[in-house]
Every structure is written in C-alpha cells, then in structure tokens.
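Below, chain A partners chain B and then partners chain C, in two separate complexes.
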Partner chain A sequence: MNNRMVINYTPGPTLLHKLSGFTKVFLFLVMTVAIIATYDIRILVPLLILNIIEIVSMKPNYKPILIVFAITFVTVTLLGNVMLFLVSPDAGLNNVGGNHILWQGPGRLYISKEFLWYMFVVFIKRTTSFASVMAFALATTPSEFASGLNKCGLPYKVCTIVSLAYRTIPDIANDFVNIRNSMMMRGVEMSKKASVWKRLKNTVYLLVPLIFTAFGKVNDIANAMDLRGYGKHKKRTWFAENEPTKWDKIFRVLTIVLLIATVYYVVMYRFINPWPAKFWCPWLAREEVISVNAIDTIFFMDWFKK
Partner chain B sequence: MANKSFGQKLLGTWNTRTIVAVAIGAALFGVLMNYGGIPVFTNTSLTTAMIVPVIIGAMFGPLPAFVAAGVGNVIADLIGGWGMWFDWSIGNAVAACFVGALPLYGAYITEGVFEVKHAVIYAILCALGNMIAFGVVTPILTTVFYGGDLNVTFLQAFAGSLSNILVEVVIGIPILFLLARRYKARTNLEEE
Partner chain C sequence: MKEPIIKFKDFGFRYKTQKNPTLYDINLEIYPGEKVLILGASGSGKSTLCNCINGLIPFSYEGEITGSCIVNGVETKSASIFKLSNSVGTVLQDSDAQFVGLSVGEDIAFSLENDILPRKEMVPIVEKNASMVGMQDFIDHVPFQLSGGQKQKVAIAGVFGEKVEILIFDEPLAALDPQMGMTAVSLINNISKESEKTILIVEHRLEDVLYKPIDRVILMNEGRIVFDATPDELLRSTMLQECGIREPLYITAMKYAGCSLEGNKNLCDLNELEFTKENEEKLKAFFQEKREELPEIHGTSEIKFDHVSYSYSGKRNVVDDISFEIKKGERVAIIGKNGAGKSTAAKLLCGIIRPGTGTITVEGKDTKDMSVKEIGEKVGYVMQDPNTMIVKDIIKDEVGLALTVRGNSQEETDAKIQKSLETCGLYKMRNWPVDSISYGQKKRVTVASMMALEPDVLVLDEPTAGQDFRSYTEIMKFVNYLNKELGKTILFITHDMHLAIENTDRAIVFTDGKIVADDKVFAVLSNDEVIQKASLKQTSLYTLAMKLGLDPEETIRSFIEYERGVK
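Up next, the complex of A and B:
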C-alpha cells in the first residue's frame, strides 16, 4: 500500500526539496493558474518541459509515477478520446475552428486535422497539469504544504486540517486494511468474486467499524490540542516555515515573472486581441478560423431549438 | 443541536473538535478514494468516499462537510498522484454541501434522531446535490479549466453522479440508521 504513495513525509536532499513551503505552494498555484488559463501549445510545452526538469532534478523513484501515469493515460486519454470521437466528432471544429476532413466515416463520424490537433493539445494540457502536481507532491512535505497555504492567506485552522489529515492518513489506511482483512476472514466477500451489488452492500460492514475507529479518536486528539492551547490566538507560526534563503528569493521572483506573463497573455490574447477560437492552431490563419459558440455545441440545446 | 439557529446549523461551530473531526474526515475521504473504489467509467469510479461528507454533515453541518470533501479530494489526488483535477474536487465539495445538510431538516444523528422521513429527504437531496454539482458545476469547470468537450463531460458527469447517488443511498442510509441507533443508546436520558 505504501509503495503507491507519491508524497513524502520527510524532506529530501535536492535543491527543490530545500525550498521553503511558501515558495513551493506559490509556485504550484501560479503554475496551475498558468496551465488552466492557457489553451496554447506554445505556452503549455515550455511549462511541461519545466515541470519535467523539476521532477528529474529531484531524482524520484520513477516506478509509482510511471504506473500512475500509465493508468491515467489509459483511462483519461485513450478511453476519453474514443468517447470524444463517438460523442462529438465536431470537437475539432468547435474548439479549433477549422474543418480539414481526413477521413469520412459512417453517419456523422469523421476525423479532421483539427480534431487530432484538439486531442493532442488537450493531452498536453492534462499531462502538464499532471506533471506540475507530481513535481509539487514530490517536493513538498505535509507540514510545508500547510505552512505555505497559511502564508498564502488561508486561515490557520484550515491549514491545520490539511496537516492533521496527512498525519492521520497512514493510521487510517492501516485500520482500513486491518478491518477489511478481518471482515473478509469472517466471510464478507469484497473481491471480484461477488457481484457489484453484493460488494456495495458488503461495504456497509466495512465502513461502519472504520468510521467508528476513525472518529473515536476525535475527542482524544481535540482534548490534547485544547490542553496545549490550540486556537487561543489569532495567529500561528509554523515549525516548517524557515527564513527565505537565496534560492527561495530567486524562485519567488521567477514565480512572479510567470504570474505576470500569464496575466499579460490572458489580457492580450483573450480580451484585447482575442483569437477567434479557443485553441490556437499552426495551420489556420486568423481569417480562416470559424468561431463557434460553446453553448450551441451541447447536445441538448438542439432539443430547445425545435 | 435542535435549539441552534439556521445559520449556526449551516456553518457549524468551528471549535477544536470540529477541526479534528474534519481533518480525520478528509483523511478518511483520501483513503477511501484511493483504496475503496470500484471503477465504472472514465475518470470515475464507484467510490465509497462520498459517505464521509454524509457523516461529517450529520455530526457538524454542511460547511464542515464541504471543507472535508474539498480538502480530502485534494489530498487524495496528491497521494494517488494522478494529477489534481479541480473541476472534480469542487464538484465533490458542492455535492458534499447538499449531502451533508442533515441537521438543516431535523436529522440530528448525534442525538439519535433519524427517521424514515429524514431518509426520504436525504435521498432527494442526494439526487439534487449530485445533479447540481456534476450536472452544472463540474462540466462548466472542466470546459473552462481544461478545455474538455462539453458533451463528453456531461456523459462522464452523468455516470459519476449516478454512481454517487447509488453509493450515498444504498450505503449511506443503513449507516445513518446504525449511527443514530448507536448514539441513541448512549444518550438514553429522558427529561421528566
């Protein structure tokens, strides 16, 4: 079970690990905003390369990352694209704004150059998002995450929830495995032998003891925290938040540059001089792009029109 | 809990006990999300994690349930390492808000009150909350954040909300009855 966990509980030795919590959280938030705000491959590919460099620089254990990536690739990308092709083959026209048909299938099915481009860009976008989360998860310990969030302005009680939840996850995961094993020993079938409906009903026998053991600890922990004066003051300092080092300052400046670049890009290309379609495409000039209103593409909008 | 105002029931009281319970709920959410699921569809599995906001909501109110589901989902994503999908995290948190609204209509689990009429309202709210969260919030966010196709997202969200409603009703109602019975056994004092 533990070999599937990607997040570290102890800080690692490399440069990125040694940055302070706020630097990492800030970089991650800005990176996420940049990935979410842009549908442009000219921005996404550099960000992807940057994140891959970050991951490689931390010398992680690649096996769990690659396994998770493979699972995500099969479920999200492969199945998602097959569904996309069956459900809305117009996605290329709607999002990229062109219709160079490569293959005309039966009925309304067809493959256009723009459809493939759309699939490719969405794949890059999701992979970049995946890589940035992975880089963040590898670099950050739970306490650093909580202290960084606090420095970003989140109330410290919410930050306590984050770090406390991380702290209790190994305990609860152990309880979960123990309870499941003992329940299976008593004849409650959880494996694939039982039907989905049977498994669903059997889950009740597993969840009730799990909920009671987990929430049985609440009073003890809360009393211990109250006795140590938790929640008495409006502010709180964090053990994991250090004085910023030279590298922290460099990374913070770089993050601010990324933030300014993202805001500039969004203002320039979405509001002042907007590209007519959602996705930029190398072989379509601005005049050729057919712009489609996203609302009109939903399948049930046709029913209202009739 | 019965004599609190509507606002207090909605927001919950944020003392140390609530914070610890929400944290443990978030951890439980993360564990169940990672290890307690049966896959059904792309991006979606028959996850038992959505039971956690029900319990938190029953004990503390909708807002704690919202926080537990939101934080729990982010943590689950970080532990599982499959990337952080804010569209689904926010959708889950919104659904949790509806599912965890038990004290608002008089189902006080910690005082042993959970009857058939509460179960009916709970089931209706499950359906409503999941429809709003995964029929409106998640598809819009998916399109805005990740440029996903609206039709595909609607289908996925439909499957996701169906499986959530199934889990919340089929597993949730027996657990709520059990919990209420257990709490009732502890608070068996009556005023004369």
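Up next, the complex of A and C:
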C-alpha cells in the first residue's frame, strides 16, 4: 500500500518521519502561511530548497511525486501563463512595477522583462507550496495529522473525521473496482471503446451501490466507536502522537523562528515601510518602481473610459 | 451461590421504527465466568439481546424498554454506554468496519485514547493485549495488510480492558474462512479459560462454535428464549430444526442411520463422544449399505482452462499454470482459503483480467477474442454481496439493465425480463423497490439480472456467506433448480464445506495459485493431505469415519448418496 499513492500509512524510518505529529503539522502550517504571505523570491527560494532537502532526506518513491508535479506544471503553469499573457500582459507592470519591454507584439500584447520575472516568481511560489505539501504528506501518517491538528487546537471530533476519511479511502477504491467489474460483465461499457460521454454516464450507475455500501458501514463504525467510549470526555489522547524528542524541540524552535521572520517581513514590507509593488525585483530600486492601480490596466477598462 | 452478572427480568424491547417488539419476556441469568452461546437464526433477536447488554440499546437505537436488565449491578436503562463499556467489551460482526484506527496499535489503543490515558501508559497495555491475541509483531501494520482473522484478533485486543468482565462476540465466524474460524473459536476458548471473564458468543453456526466446549446454549426464536440448557441437551431435542439452525453433520448422519440420541455421552464433542453399542452398529451398517451411485455427468465441454497463468505485479503468479475442464450441467465447487487464487480464476473466466499465458475457452471458443460484454452473455458472475451489484431502485429495471444497455428492443427486453423474473420466482414482486426486500431476495434479484442474458454458466461467489440456514437452504434450492431444470452449469467459489457436500458433484481445490485436487467431492473432502494443504476444515463426517474405523471416502460418499437419494 505504501508508495503506491503518496499517502503514507506507516511511519517511515527517517528523522522527519519520527517527529511527532504536532511538530509536523505546526511546521507545515507556518510554512504555508509564509508561502502565501510573500511574493518575495528571497524568501521563497530558501523555503523551496528547504522542502526539497526534506523530501530527499525521506528517500521517497519519486515517480508519483514527479507525475503529480508534471500534471500541475503543465496544466496550471503553462496554461495559466498563456491565458494571463493574452488577457493581461500588463501583469509585470502591475505587480512588479517596471516596464522594460523586450518584445512588442500586435495590438496591446507585449512582453516585458518584468512580465517574465512575474511568471518566474509565481512558478517558484507554486513549486514551493507543492514541495511543502509533498514533504508534509510524505512525512506524516494520517493519524499523526489528526493528532497534530488536535494539538493545534482543533476539536478532536473534527480530527477523527480526517483520520476516518483516510481509513476508508482504500476500501472505497476497492469497492469501486468490484462494482465496476460487475457492471462491465452486465454489458455496461466502461472501457475505452465507449465514448467519453457514455463512460461518464455509465459511471453514474456505479455511484448508487458505491454510496450504499459505504453508508452501510457508517452504522457499524459508529457503533464500534461508541462501544469503545468515543466521546466520553472533552479531550482524548493519541497513540500516534509520539513523545517529543530532542529533534522535535529543535524543529519547533526553528518553526517559531520562521513564524517570527514571516510576521516581521509582512509587517515591515507591507505596513511600516511598504514596497511600492507587490513583487520585489532585483533590477528595480525602490525609487524606480512604478506603482499602478491594478484596475486601470485590465484590458476592457479602456472601453469603459471611452 | 454467586450473584448473576447479567440479569434480565421480564424484559422486552421494541425499536422505535418498528410496530412489534423484537424481544419478548426475556428472563435470563448469566453467572460470572460462564461461556454462553446465544444461538438463533437471522431476525431471532439475538443481536438485539446483546445490544441491550452492551448499552447500544438505548444509546444508539431508540425504542421502548419494558422490564429490567441489570449488567454488573447497573440497570442498563439508566446507565450510559460509557459506563457499561468499562465492564462490557463487544467484538462486532464486521471485523473491517470496527477497525477504526489506522494501524494495529492505534486500534487496540482506541478505548485507552478515549480514556485520556497518557501515551506512556498506553504503550505497554497495547503491547500486552496484542501479544495476548498473537499480534505483537504487527503493531505498525495498517488494516489493508491484514486478513479478516487478524482484524478480528485486533478487535478482541481492543476491547480487552482491565475492568472488562463480559466479552460479547457478535457472529465472530461470519467473515472468516473455516481455518480462521477454528482459530477464532480456540482463541475465545483460551481467553475464557485464562481470564475468568464471562463470554457470550452470538452465532448461528452451531457446529463451528462447538469445536470448543460451551457451558450453556440459549436458543432464541422470534424474539423469545425458547431453550436454555447444555449443548448436549440441545442436540437431543428437536428445537434446532424448528428454529432454523443447522445441526452438526454427524448428528444428521446419526439421525439418517436411525440412531437414538439418548444415552450417548458427550454428544456435543465428536472427539469425546461415546456411542452406545447399538448406535455404533447402526452407523456402521448405514455407511456400508450399498446405494444407488451418483450419476456421472457426460456433457459437452463448457469451460476449459488450458495452462493458464496470471500475475498482478509481474512477479509472482497468482494463478499458476492451471488446467481444468468443466462439462455442461456440472455443479463444481472451487474451494481454497482466501488468497489462494480462486477469485482470480473467476475474474479470468469472466474476462475482467486476461491470462498472461494459456487459453480459456467457453463452449469451444477462445475468450481471447471476446469482450467482457460478450463473455457476460455466456457466463453470469454473481458477486458475494448483492448490495454491490444492484444499481436500480425497482426490481424490474434492475433485471432489465443488461438488456437495456445492449440496445434490445422494448418488447424483447420485456419478454426476457418476464421470463427471468418468473424463473427466479420474483414476478409478483417485479414493481417492488429493491430496498424493501430481504438479503436473500436481493441475492435472487442479482441472479435474475444475470439470467436475463440467458447465460449457460453461473458463477456464484460465496453465495451463502453471512446467511443463516433458512436463507442458505432457500438460495441453494433455487440454484439447484436452475441446474436440474434448466441445465445451467454452476460454479461455486466457496469455502463452505457443507455447501460442497450438499450441492456439488465435483470440487477443484486451489492452494497458492495452483490446483492441488480436482475430483469427486467426496474424494476431495476425504483426502486429509489436500484439506491440510488448502487450510480447509475437515468435515465432522471424516472424524466420524475415523472414529468408527471406516474408510472416510466411502463414508462421505455413502452419506452424499443417501442424502441425494432422499431429496
């Protein structure tokens, strides 16, 4: 079961795997905040390198990771950038605040140095968040995730939903295959022979028994949990939550440092001494940055003004 | 005299959603340390009775309680399920659904977690309980790596708390193959001996539970306790047939031979049983009597596997170089423990997966060139759980689905649906919603939806799993009708030895992807080596033959011949 999907059900042997659930969830949350809050390559690149080191240190099966990465890269980044170029070639000007034109195309289309920089930073930002999600998914078992969330203050009943969901995914996948097989034998075409629309329509047939078998189990699961005292107290402990080790303490301190750095950065660069554009760019000094009201540059705004 | 640990007095219960009570006039006392079997067919109220003890009633199932039920000094009506769960541990029937943790350790620790026990104290308890059921080396394993039997062991370890005094096992054998079932019964017996806890086993499979001694049997029928005594007394009575419970095979044999059941010591344990002289002679005479031999089947070849191999990962062959032939009109049991390759063989036959090497022919045609859909018109595959097959809400539509998707004309479809429904005895119910019918009837609907395509072969995957004797008899009668009257070839994929003895002509035994035996059913079942290899369970007829000093093969054959002759 391990490595077939990215979801990790049994804890691995490396240092990161052995950290307690809380440490990992805490690190992941802070990292996510840092990535969302900043458009600054000086912060994103170190985070990206850090996450890549984390992934490599766990010696994972790279194939599924690369497949998922290739899919997100092709669809989101390439497609997104082409669309962006067509709709809003001014993105470089708006977000980075410079206009060094490299190529003037027909009509309002042009490519500037700043536009390329913008695309590059956005790509790094997406890659960093992808790497951080992967590192977290590889390091954490669903139960550690649940116990970690609980320690972060989420009510434990919500956390149990998380771990129960992971518990049932493989079962449902299994049921799905069985039901599909029985449908195929009855002549409901599921293979590539049928058209996409027909296959989609036929998939609806599978959902009815799939949902019913899944719901049939809900009652049993609920009973099994009640009988073992689930919900007895306002709190509960977790078998999956390892006692914090020396490494946990080190990681928690590092996470707090990252949190403080992020808050400091946001306060400094957004409020106290705000950078005039959304993105920092190496070749533009503070005085050179052109601050643009983004609304003005949306292409149809010109028509309204006429 | 000790105080009873469970005491029902004039107890009755009615589910809120039902018109009539499920339990009537229950008066029952169970004493500490007793090992009690609660026996009854589906719907007899035996599970409801247990849910009254463990507190699920009234906690999860609302309803009206009359009379009183005191468990470990607590009146259950007013106690919370949490208070009861400290003294009552329940192992539910579905070993998969009750596995709520994501690893063995977590699942065993589940109730400790809910008691806010610090992890430090939890770990040694988990290790101790795991080793009690022999799962100490599996603490990190995830549920998907475990067999049904292992999951059940984990469930037992998970409810085995310090303060637990009563352990309830709700149909512990339902999801297990015979060998695992025996292990489970032995494990329960060991717990009972070593821990002095009170044990309640809820089952309908009497013979399997009697593999280890039971102190007392409580027989339930239609919501009432109809019998409460030792197993020996129960076997001597006529209550079993009346309540739809299958009696042990050796008892059936004794009855066929005209033996009186009085006066035999240890009737419930075949190994210790002491026959009266008269009975011994009667049995010997019965088994040695010449009877009409079973008819040989000389049909044309229907299915042929020729050196077929298959592997999922490309490494190990799940099905390894198997060859067999099934003739038209045969009833064949494909037996073997879980994972032996029998389901893979069935999938190969239906074309869902294709052989790596070798050929499969159906009616002389190589299935290589046929689509799954085309094979489906020749071979109907009925899955174990009808709920995973039914997609429409009205019976008629469900049966007609395969015809509709094939684009048959309306009249033709209607005519075929009608024919199939009539064959399967469902015509009167054709407009009923599927939700409103019983499990056995649903099974019939799934067979009917296969029959609508008029296949020559029916493959039934574990047709009797989780069925009580009544439902079993009903299903088998129907399948035998399809075989005898309509000449359908029937393949059972099963590990139910009773089914093989009573309903098949031939048995093919799988072990580790290979066929280890392919012979007349009595020859296979009397072959101790094959039974051991395939991890199957020896039928009690075999033990009986050994005890009487008879040849097992002749004994089982004689029994089958007599039984088929009578029917």
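Going forward, the second predicted complex is superposed on the first by the 277 of 306 C-alpha atoms of A that agree within 3 Å, B and C clash if a C-alpha of one lies under 4 Å from a C-alpha of the other, contacts with A are read in each partner's own complex, and residues count from 1 in each chain.
By definition in this document, a contact is a pair of C-beta atoms (placed from the backbone, for glycine too) under 8 Å apart; a residue touches a chain by one contact, two chains touch by 3 or more.
Bear in mind that the values here come from a model prediction, so they are computed numbers and not experimental data.
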First (chain B), second (chain C), both or neither touched by A:133: first
Touching partner for A:26 - first (chain B), second (chain C), both, neither: neither
Partner, of chain C and chain B, that touches more residues belonging to chain A: B
Partner chain(s) touched by A:125 [first = chain B, second = chain C, both, neither]: first
Partner chain(s) touched by A:110 [first = chain B, second = chain C, both, neither]: neither
Touched partner set for A:213, first chain B, second chain C, both or neither: second
Which of chain B and chain C A:280 touches, first, second, both or neither: neither
First (chain B), second (chain C), both or neither touched by A:188: second
Touching partner for A:225 - first (chain B), second (chain C), both, neither: both
Which superposed partner A:162 touches (first chain B, second chain C, both, neither): first
Overlap of chain C and chain B interfaces on chain A (superposed complexes): 1, 164, 166, 206, 208, 212, 217, 221-222, 225-226, 230-231
Residue ranges of chain B in contact with chain A within the complex: 14-17, 19-28, 30-32, 34-36, 38-39, 42-43, 46, 48, 51, 55, 59, 67, 71-72, 75, 77-86, 143-152, 154-155, 166-167, 170-171, 174-175, 178-179, 182
Interface residues, chain C side, partner chain A - complex: 54-56, 59-60, 81-82, 85-86, 89-90, 92-94, 96-103, 105-106, 109-120, 122-123, 126, 140-145, 158-159, 347, 350, 352, 371-373, 375-377, 379-381, 383, 385, 387-392, 401-402, 405-406, 449-450, 453
Parts of chain A lying in touch with chain C, wherever the complex brings them together: 1, 9-11, 141-143, 163-164, 166-167, 170-171, 175, 178-179, 181-189, 191, 193, 202, 205-206, 208-209, 212-213, 216-217, 220-233, 235-243
Chain A residues touching chain B - in the complex, by the definition given at the top: 1, 4-7, 32, 36, 39, 64-65, 68, 71-72, 75-76, 79-80, 83-84, 87-88, 91, 94-95, 121-122, 125-126, 129-130, 133-134, 136-137, 157-158, 160-162, 164-166, 168-169, 172-173, 176-177, 196, 199-201, 203-204, 206-208, 210-212, 214-215, 217-219, 221-222, 225-226, 230-231, 278-279, 294, 297-299
